[in-house]
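Shared between the two complexes below is subunit A, which has subunit B as its partner in the first and subunit C in the second.
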Partner chain A sequence: MGGVHPHDSKFAKDCATEVLPLPKTMYVSMAQHLGAPAKPVVAVGDSVRTGQLIAEPGGFISAAVHSPCSGKVKAVAPYADLSGRMVTHVVIDVEGDEWADGIDTSDTLITALPEDRQFILDRIKACGVVGLGGATFPTHVKLNPAPGSPKAEALLVNGSECEPFLTSDYRLMLERPKEILVGAAIMQKVLGGPKCFICIEDNKPEAIKVMDKALQELGFADMVVQPLKKKYPQGGEKQLVDAVMHRQVGSGALPISVGAVVQNITTSFAVYEAVQKNKPLVSNILTVTGDCLPADRHHNYWFRIGMPLSYVAEYAGGVPAEAGKIISGGPMMGKAVVNLDAATVKGSSAVLYLKRETTKRWQEGACIRCGRCADACPMGLEPLLLNRLYKAGDRLEELEKYAAQDCIECGCCLYSCPAGIPLLDNVRQAKQQVMGVIKARAAAAKNK
Partner chain B sequence: MTSTLIWTIVILSCLGLLLALLLYLVAQKFKVEEDPRIDEIEAVLPGANCGGCGRAGCRDFASSAVAAPNLDNHFCPVGGNAVMEKVAAILGYEVVKKAPQVAVLRCNGTCAARPKVNTYDGVKSCRAEASLYGGETLCTFGCLGQGDCVAACSFGALSMDPETGLPVIDEEKCTACGSCVKACPKGLIELRNQGPRGMRMVVVCRNQDKGPAAKKACANACIGCGLCFKTCQHEAITLENNLAYIDSGKCKLCRECEAVCPTGAIHGINFPKPLDKDAVKERIAARKKASAEEGAK
Partner chain C sequence: MAETYLITPNPHWHSPVSTKRLMLDVVIALCPAVIASILFYGWSELAILVVSVASCVLIEWAVTKFLLKKPSTIGDLSAVVTGILLGMNLPAGIPLWIVFIGALVAIGVAKMTFGGLGQNVFNPAITGRVFLLVSFPAQMTTWPEPHGFIPNVDAFSGATLLGQVRLIGADKADALVNLSTLFRNIGGSAGEVSALLLLVGWLYLCIRKVIKPWITLSIFATVAAIAAIFHGVNPEMYTGPLFNLLTGGIVLGACFMATDYVTSPINSWGGVLYGFGIGFIVMMIRYFGSYPEGMSFAILFMNMTVPLINMAFHQKVYGRK
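The block that comes next holds the complex of A and B.
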């Protein structure tokens, strides 16, 4: 249902990954995941080694954070994140890259799966693995559905990377296919052996070929590579479940309610490293690209979490003069970078330089009721109606009835609107208000 | 010709009377018994339906006041004590008097004092902007300037000053209904007691960053230096999260804090005369000297 077809602009797809050298200082954020911020367990002056725990989970839905380098803790203080909000960071003066004990840093592939389910979950939790598809939801929570949930029938490993420009997942599939598959097999085991689909959009034929070959070599049963039609947002959780399993996840429900678990391929790789190598999540792939860069300046980097974005930008040749907007993530759902000194986090996937005219908003016109936004909405909502209800003010009951809370903020409505109406902005506000009402109601019901 | 006209008038009039009688009988038969005091109270209320009392409107206020055992939880901020006295008289309850209040803005991040570091081009709404990021300047606590408060005010008491980029509160028109307080996503507007002849002292800033960061973001910011806190003789000032706050209940309006504030973040509002900083500073110095001498003895 719905969706749009922006030009895929994957300029960096043929650029092999390079490893970024460590900067002098690293800023490790304590809020890199969905849920409660992590609690620092190091103090100023402590010596840390790469992969050493520096912050423990701050709640049930939270994740551990590890040191991305070896060195001395310089400060534990609030610093501005990429949108200018203050978040506690652990600042480390880099001295080298000496890994903590018990971590396998070699590239040897380990295919033998551990037997114990709890051991796997503990490793994933201890290594601070979070969903790297964008939402950064703690993986150990997602792989351990609440008691009473339906049994997982399918594990969807999401390599669709439907956002334009982004190529980090694609490069990982080309360069580390077997690790991804072993990671998927581990998650399959934890979930009690559902069928596993490696979902890749058909605009990445090389990735499909490479993953298929790796799968044949490894010989995993109950695992297939599933090509998907190219469409944005094909990689959205509910959209993927619909595309592969032809099941619709209900309003406010999780994919597990229809027997599906969705994990990104990068998460799968992180799970492999955590379980097989005891290696915490301290690095990831970041694409540096954009429509104002010359052909030879697109890059894919292995970065360590905590490297300032400005350092990555500098290493990649500096911010181009034509860049009117810098985005962290994809052009559809990424966040505009207000503070380039902000640190990279676990979920960082791209630094995108866009020309001013690419990002400029249109002059807002009148709605002509063409219904393109309703056609484009992958959740089957009617953005034009929600927009009108929101603007009328105090129509929360109707907004809830027309499911403003189901908006996944993909931006298809705004992309398709010929009148340049800021549909997403308004629907997002409406969603926040409705979510507030729903949460308050749930809290009231709990107190009763 | 004339007879047709007459007949028409007569028939239509009779029909009208008949139907009116029918309506009257039906209305009598299905009448909902309602406390007449609700109408009486509604008549004395301002009728603005602003929701400042926390109810859906004036009639809702009236019916809930009639049902309540006393007036502790009912106060019409728009009408104030005068209206509440009338309401109390109708109900025969005791009046609960409240000091008259007024909305106060706690940000002085003017365009001149607070340089912009990026451009926001999303929808013109403070709430939308605040949900996306910290704002166009380095101060993540300050006014976003999109005018949600102006849109929320049903009394025309707020307007945007294009020069400063901040809202201006017209104290004559402000009824302290609190709509703007709810509308501001940064919590910059507060209802304060009006004070004697409208005079009051306010820290016009909510920045909780440390001094250097606050100063870098805005020349008018409270940098949490604590000078006002140390100077105040009436324990009216508290310092928390690098931010000073003046308790209007304890403040004696001596204006010493205003004189010592290095960034001018403390404003004396509605004072008849401008502050003579040097005289106040001399007074503070003399007092310090005297107390030092006393300590030496």
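The block that comes next holds the complex of A and C.
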């Protein structure tokens, strides 16, 4: 159903990951996950070590945050994130990279799985692991479905990386395949042993081969590498469930409602590090790439959370002169960077430079009802209809009937519109209005 | 950091396919049939096409500039497409001032009065053609014999095969049409000289995913099915499927006029119903009406039902029954 085929542009796919050195100062955000911001547990002047807890979860859906370096806390204050929104950050003067006690920082592979389910969940929670496929939903919550949820029948480990340009998942699969698979086996165990699918798009044959080989060597049961057709957004949670299990998740429901749990390949790696190494999530892979960089300037970096984007950009050779837009993430769902001094967060995946002429919005033309947006929509919506209803104003009932609330904001509609109509901008607004109505209705029903 | 970086919500990329590119593809798809019609009918046909396209573009430009006082929209090439289609829908040799009136109705009335591209209810080129058919019936049904590229003063006008059915009988008319008709001219509007080349162009549009094949296939299937039934019952009264498919603008209409985005349904199943409606009406007009042809009327009539069809047909939303 739906989907588009933008150019791959995986220019950095053959660039082995390099480790970024630490800058002088780190800015660690307290809001780098979905849900309530974390609560700082350190004060100005405190000495911290790498991996030490500096903020605890601020609610049920929240995650712990750890120090990415050793040094002294310089400030606990609001700073602008990449969209310019003010968020509390813990600022640390870097002195070195001395890890806290009890953390295994070696590269030795540990394949023996812990027996105790609660021990696993506690480690994942304590290490601040969140979903790294984009949503940054706390992983310990997702792996522990509410009582009464259907049994997990399939664990989909998502390595499809369908966004153009991004190569961080790909590099991780090539460089640390066994860690990913052990992480997947751990999650499988927590979920009560569903079948596990390692989902990789068929435009990454090398990754499929490497993961297949690693899987054979580890000899895990009930785990397969599942090649998928290349298509954007193949890696969307609902799209992946449909592609692998031929089941569709209902409106507003979670994948577990049809027996599925989806976790990103990088999350699987973070789970491995948390459970097997007691290593908190303080680093991840980030791709520096774009369509205005020469061939030798694409990079994949291991970064630590809290490094300013501007530091990463500078280290990678500076912002190219031709860049018209700087994006955090991919060209389809990434965010335009308002503040380049913003800090990297757990879910950072790329710094992307696009030329002005490839990224600028088109002059808006007339809708010719060609239906290309409806063909492209992976949720089966009709963006041209939703756009018209939204612009007409006060048509919330119809917007709900035609499922504006189900939009996943993947951008396929605007991407494919030959008239350059800002379909997603309007559908997003419509979605928010409809969500408001649905929430109000649910609240009213509860109060009865 | 300079102030010059763009800040817009996602997506940050756009497919290269623009309205202009889609229209250009339609122009490309029409080229083989257009070239054939010029080879068959010579200079006069070239003049008709040039006047038709130039008039359509000029009229759209003038309306946007002087009446609407808006930026010009001729760059999207939709007026060029209308111009070519109008020219192809006229008999070769029609006086050029009539062509201009056709363009005036097509663009000025059928398209711009409704608000321009995307707003019109009726297919502009067909509206222009039907206006001319009603206003200038004699000129619109004077079909010159193809006389090659060199003007031939001895060329005489003949009736189309469809027009001859009532004179010579359905069975005799049927006998004049077989599969080889695909490859040669059978008279009629200039653009219809080669059904095969029209189909080649249509195939190009389908392969390029500019249009979907369902509307066209639905029209063909409906026409063939209705003709098969009537012809099967009484071959002396009613012409057969092949005759009806290859005459009277069915191919041109089904491939390029009924598939116009703006005036056809969005949904594929809606398109099938729309195509069925066109095929049904055209056959009723041919068998029981007083016009020999009927494709233009059928498309115009079904244009009116498109808003209703669009309301009734929606694609399946993910996760819903």
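Convention: the second predicted complex is superposed on the first by the 448 of 448 C-alpha atoms of A that agree within 3 Å, B and C clash if a C-alpha of one lies under 4 Å from a C-alpha of the other, contacts with A are read in each partner's own complex, and residues count from 1 in each chain.
The rule we apply is simple: a residue touches a chain if its C-beta (ideal position, glycine included) is under 8 Å from a C-beta of that chain, and two chains touch if they have at least 3 such contacts.
Since the structure is predicted, the reported quantities are computational estimates derived from the model, not experimental observations.
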First (subunit B), second (subunit C), both or neither touched by A:I124: neither
Subunit B versus subunit C as contact partner of A:A80, first or second or both or neither: first
Touched partner set for A:L354, first subunit B, second subunit C, both or neither: second
Touching partner for A:L174 - first (subunit B), second (subunit C), both, neither: neither
First, second, both or neither for A:V4, with subunit B first and subunit C second: second
Contacts of A:Q432 with subunit B and subunit C, given as first, second, both or neither: first
Subunit B versus subunit C as contact partner of A:G334, first or second or both or neither: second
In the superposition, subunit B vs subunit C on subunit A residues touched: C
Partner chain(s) touched by A:I285 [first = subunit B, second = subunit C, both, neither]: neither
Subunit C-contacting residues of subunit A that also contact subunit B: 335-336, 338, 360-361, 425, 428
Of subunit A, residues touching subunit B in the complex: 80, 83-86, 335-336, 338, 360-361, 422, 425-426, 428-429, 432
Subunit B residues touching subunit A - in the complex, by the definition given at the top: 117-118, 121-123, 125, 127-128, 131-135, 138, 140, 209
Complex contacts: residues of subunit C adjacent to subunit A: 1, 4-15, 17-19, 21-22, 73, 76, 78, 116-119, 261-262, 266-267, 314-320
Residues of subunit A touching subunit C in the complex: 1, 4, 6, 164, 238, 242, 248-251, 253, 310, 319, 323-327, 331-338, 340-341, 352, 354, 356, 358-362, 365-372, 374, 378-382, 384-385, 402-403, 406, 409-412, 414-416, 418-420, 424-425, 428
